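Consider the two complexes below, in which chain A is the common component and chain B and chain C are the respective partners.
This part shows the complex of A and B:
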């Protein structure tokens, strides 16, 4: 089939010629602009002031001059306290001040638009009260990459029918009575989609990592994991009992150095050979928006005879010419990656995770995994949702739903990233990743950006410390195939206004330009 | 904010002092404190310098060596709860860049304060006492030591 397809399409909203982005050569143009010192300084000052007021207010609270609003332990005399009140210092004095930006209850299905339940606070975010109204917003906060999150349509009909035929749950673990024919059908479809020999699906994505890495590696093995790996991978690695070495994010030189040093010196103390070496990477890192450097990783893995575990939580369905993930994007051979893992939560609008690879591997996991022995299998309506989406995505016809969505997402990503960068925002990550973090640096700006965008009808996710490094608070736009060009333009215009208000558009690599000049 | 912690860093307290621009910010804020003190009319320059050194050393002793644990819930299952902030920096590795910077700073302040107070006896005693308070607990020999069981638990 054609590698690049440039179609002239008559769509109702855009007449632009677009082609799914294809990289001829491993694209190394990920940009991480250096933090300007002034931004770092004002962020630290921000934290110093928050700290000073925090200590002051805690003093008042301890002296009972001020009411303690958070829950506190009532220490009976003679008992050792269970909690340190210092541990909740940050929550009380920093997080609580901006708590209205997080955990907002939603009032509609989180598709391209989202209705938020309007709430007000009378006592500075310690408690909230619903006014009964709804705020209509454009949704850039959900991991709805292919736009399958909706509550009406043919897929939803088939899901509801499957509840009538198969019930809500198998109510049993996979190894006992929990494997239904639907599960086997899902697994064979998944293997066909990814191009591997076999696959196995689990009910929960976090548990897929945490409970299956211990079946693959154990004591006497070495795990080399990227600095920014997700908590589930870290938990799985710690549970396994192997030696863990962390290398700097996407730094292949550091990884190679670590590999060489570890192989030469062997296991700690005994200096024997390692039983197995496993390199754990993610396809798309959701906080940075960066891609793993798969061709170089495969080269390294072959040279030093290690195994590669690829976690495609955010990239399956969202990256690649045919939506098959980063392996498809970098045009590598699927058989080179030993263990492909992914989740159904993001692009498939379902829940759960999978592992795919050679048949021997999957047979081993079926028998030894903690999840298959103790955890309930995936619920039948969820299986039906994933199977319906997979059927759409397996269809190679350009005109049909699946390919159309993949192409739309790729176009949206390129368009949005291009215009945002040209407007002067400091944007991290790979130019083709659908996760777009724009840097805000300080916690006050995090709150301000969130609230200002909500006033203008855009729902975004802003994150700060400790989820990100101290100085690098950011707003993370998650693009979707269900966003139209008009929606993205509106979001960009609002972002321009708020960006000027907060003085965020200070990129030195891309000096700021007004919105109407960034049409390239 | 414990929402959505994606990374595996066990205790962010160990690494934030290595972030971009912290050392320079520390020095700038120290000078800001000094200028605030200088602008109070009845305080002369020598007294301002001694006050700066004293306030800096006492605050740093309290924040680095008396307060234990971290101001947020760490994912290291409470391992850091018994350690002071100084002991948590860089996960206990001695003689890193940050530790050397923080050890040298009170000594340099002492030199500057001695110069500006023209080596007067009272000022010297005060400055020396607070400098020792700030520098001695940072020696590696005192790592994890709690004298007379003060602040042990």
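This part shows the complex of A and C:
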């Protein structure tokens, strides 16, 4: 792999027309470097200091020596307090200190570059004030994998046209009068793209999971869900009423053990046989950057006659030779996955979710889904955006724009990951996933990294507890096909600087090497 | 003969016993201890130990057999191909005051288009401008660069419209209330919920895992009974009662019944029994009250007494999404704890721009739109009462009414026939669709929705057609 990238570096990338597909054997080498002891120690110490300060400040606030910031209840006394004070301890004392790193408002299309609205705080992040200025930054934060977030071009023209001809909403549910011809067209194109018999689309990705998993499994069923599954999958599983067992992330041995034990012992207490077993996994996990082990999952599923639910929120369009997701990447048969689910927010730059599979599955969902019976159908301009993108990805145009973007994303991913790893950052995840987390461990470092990168004109996402485990705070880069090599080089240069400033380039597996650019 | 021998025996016994005791004294201590321990163990075994059923562990072979034998149910049960959800009408064009079906134009009394903002040219222009500035999708959740300035503007405008401190928007109407309730009400908290609330609220209540107490639809005395019961329960354990939060979940105008909630009495009870009110005004926003500010305006109640008002942008406003308004103290909590807000992508900017323009129109028109709508609703109500054979469910000022057939003739099949007939005559109406696992399934009905731009002649025409349909169906 190093040889190919050295060779490619000598070509000019000012106008990338990368026609050769990046076809490699899907590799299984995901690496998770062990947390260095020193990092763990300093991170725990960091939390201890924050806790001590937090406790002290709470004491001052309760004794009214310090003013209580934030708003107060407007009901007369006698009501049970709405929030427990210990629940919001973390929010008040840790999150509030670094609140300027989150919820940053933007003022432009979330493409390769982003215009952030400049805001300042006069009282240590309790309230913000907009100065009216805009900061131009390189955007490694938005989920724009194929670079379709644009505000001009042929796709935008067709979207504008559809607003004029179909309005913004049908104001009715799918089962009543909300189904338009565009929805049917979207569903048939989607089924063609994914290679399944039928598909159905919904207006919100989160709701697709939360409202449809209860229609597939219920009481008396078993759900085996990965440790790091998204909140929408967890909510859908809980609402269904089935028994949920969690297995360690991507650990197929643990999953098999759980399957065997569960089938043998049956339902808890009554020991009746389970009605169904559903395994819920994601294609690409957005916090770890890891891929699910699909071939092994399919093998397990067939051996134990379970059903497989694959959530491709981050992987549809971004993984695979033809951009058809992890099924395409691992070269598996799409009919082996019982329920394919995905969202349109990430690679398609629209909004909404879908479920695809066999025709009787989709018919059942059409009849029993909470969303088709009670929620308004998708907005026509959003549907038009997805249909246009699908047409490009199906390779129906002469310029092969879809193919170009898929290849560009794959190249960007490999290049960025390689260089970041060589710099000595501890990078998690699969080498081919466009989500690149680099570990920072402590909450102060995640705030510092975020602010330093913003000063240098790069917008990144840094996350800490509770989205990640306590000591594993990280920065997560989301690559896009619209990033040029120059942009990535600039980002890497800044990351190198900030990494040195924060002393984060201390990977033992990939010790940092001085990296000199041979091109200007 | 007896006694000397006995005497001898007794004496010998006594001697034996005495020598036994002597021997006890001579034995080593540990020996004694051990013997006492053995005796006690035997006693315990006999008296106290319950016989344990020895469960034989399954052998690997047996386990494999069980695994091989197990057969799951099919993933989905067979579905009736004639189910109406599989045979929906597919429409084309703008679904506004009139719809084109099979080439014919028909009047639309079926979609939630109360203020006729669908297809409004001003809103269309603003949406197009937003697409040309921001593109279509926002590509991220609110926490990670998905907050666009237009979202902040919409939240401010909504808060200003309702004269509340803060507003928050969601990207899907169904998920709004279904995410709000679990954000505040946790396990062991108490929810007093009206039985007639719509499905999204029921799902929110289920997701919260709290103790739910249902009271009969719009029945204040039933609610009071539950409150009194809870009060008695609290007095037995006051320490625990001080940690349990209580909420009342109601709708302003009920979607399944078309009637208003008795809000003044509920606010009185709030201060008496110390619960918080979460009101869902999806249907009443923009339609009830002189300027469309909902049930609180209609009853002239101070909006600060309601802890949280949630609503939908999908009905009167003609966009997509939902929102909640209230005091900062209450609303701000959702920014970190409401699942549908934190873990979901934000609303596409073009839909937010459309909502802002719709609010502009509502504020400009001020009383004209809503007053007109309430007047027309009253007139329609009168006209419908004149038709024989229908039971009209709902308030007279409500633009959403439910029509049922009288007596025992009220079945879905008959109502579908009426709908079919009306369609041939150029009126589009719909049977209200529900899922079977509603908490209290409402009776079958036709949901009539009034559009503010309908003229009197069109309302007359609707009533004529309904009358003819009734006659046709009973024959």
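Worth a mention:
What we mean here is this: the second predicted complex is superposed on the first by the 479 of 520 C-alpha atoms of A that agree within 3 Å, B and C clash if a C-alpha of one lies under 4 Å from a C-alpha of the other, contacts with A are read in each partner's own complex, and residues count from 1 in each chain.
One rule holds for everything that comes next: a residue touches a chain if its C-beta (ideal position, glycine included) is under 8 Å from a C-beta of that chain, and two chains touch if they have at least 3 such contacts.
A quick note: this is a predicted structure, and the numbers were derived from the prediction, not measured.
Once chain A of one complex is fitted onto chain A of the other, the partner contacts of A:231 extend to both chain B and chain C.
After overlaying the two complexes on the shared chain, residue contacts for A:141 are found with chain C alone; chain B is out of touch.
Of the two partners chain B and chain C, more residues of chain A are touched by C. Touch criterion met: A:102 reaches chain B and chain C at once. In the superposed pair of complexes, A:160 makes contact with chain C only, with no contact to chain B.
By the document's definition of touching, of the two partners only chain C reaches A:376; chain B does not. Judged by the touch definition given at the top, the superposed model places A:49 against neither chain B nor chain C. Of the two partner chains, chain C is the only one that A:174 touches; chain B does not reach it.
By the document's definition of touching, neither partner reaches A:120: not chain B, not chain C.
In the superposed model, A:89 lies in contact with chain B only, and not with chain C. In the superposition on chain A, the residues of chain A touched by chain B in one structure and by chain C in the other are 91, 95, 102-103, 230-231. Across the complex, chain A meets chain C through its residues 70-76, 78-83, 91, 95, 102-111, 114, 116-117, 139, 141-144, 149-152, 156, 159-160, 163-181, 183-184, 203-207, 210-211, 216, 230-232, 235, 238-239, 260, 263-264, 273-277, 304-307, 338-339, 343-346, 348-351, 360-361, 363-364, 366-368, 370-376, 379, 381-382, 385, 459, 461. Every residue of chain C that touches chain A in the complex is listed here, in rising order: 58, 63, 66-67, 70-73, 75-79, 81, 83-86, 88-96, 99, 108, 110-113, 118-119, 123-124, 127-128, 131-140, 142-149, 151-152, 165, 171-175, 178, 184, 198-200, 203, 206-207, 242-246, 271, 274, 276, 304, 307, 314-315, 318-320, 327-330, 332-333, 335-336, 339-340, 342-345, 347-348, 350-351, 354, 428, 430, 433-435.
Listed in rising order, the residues of chain A touching chain B in the complex are 34-35, 37, 40-41, 44-45, 48, 84, 86-91, 94-95, 102-103, 225, 227-231, 233-234, 246, 286-287, 463-467, 469-471. Residue ranges on chain B touching chain A, taken from their complex, read 1-8, 12, 16, 19-22, 24-25, 28-29, 67-73, 75, 81.
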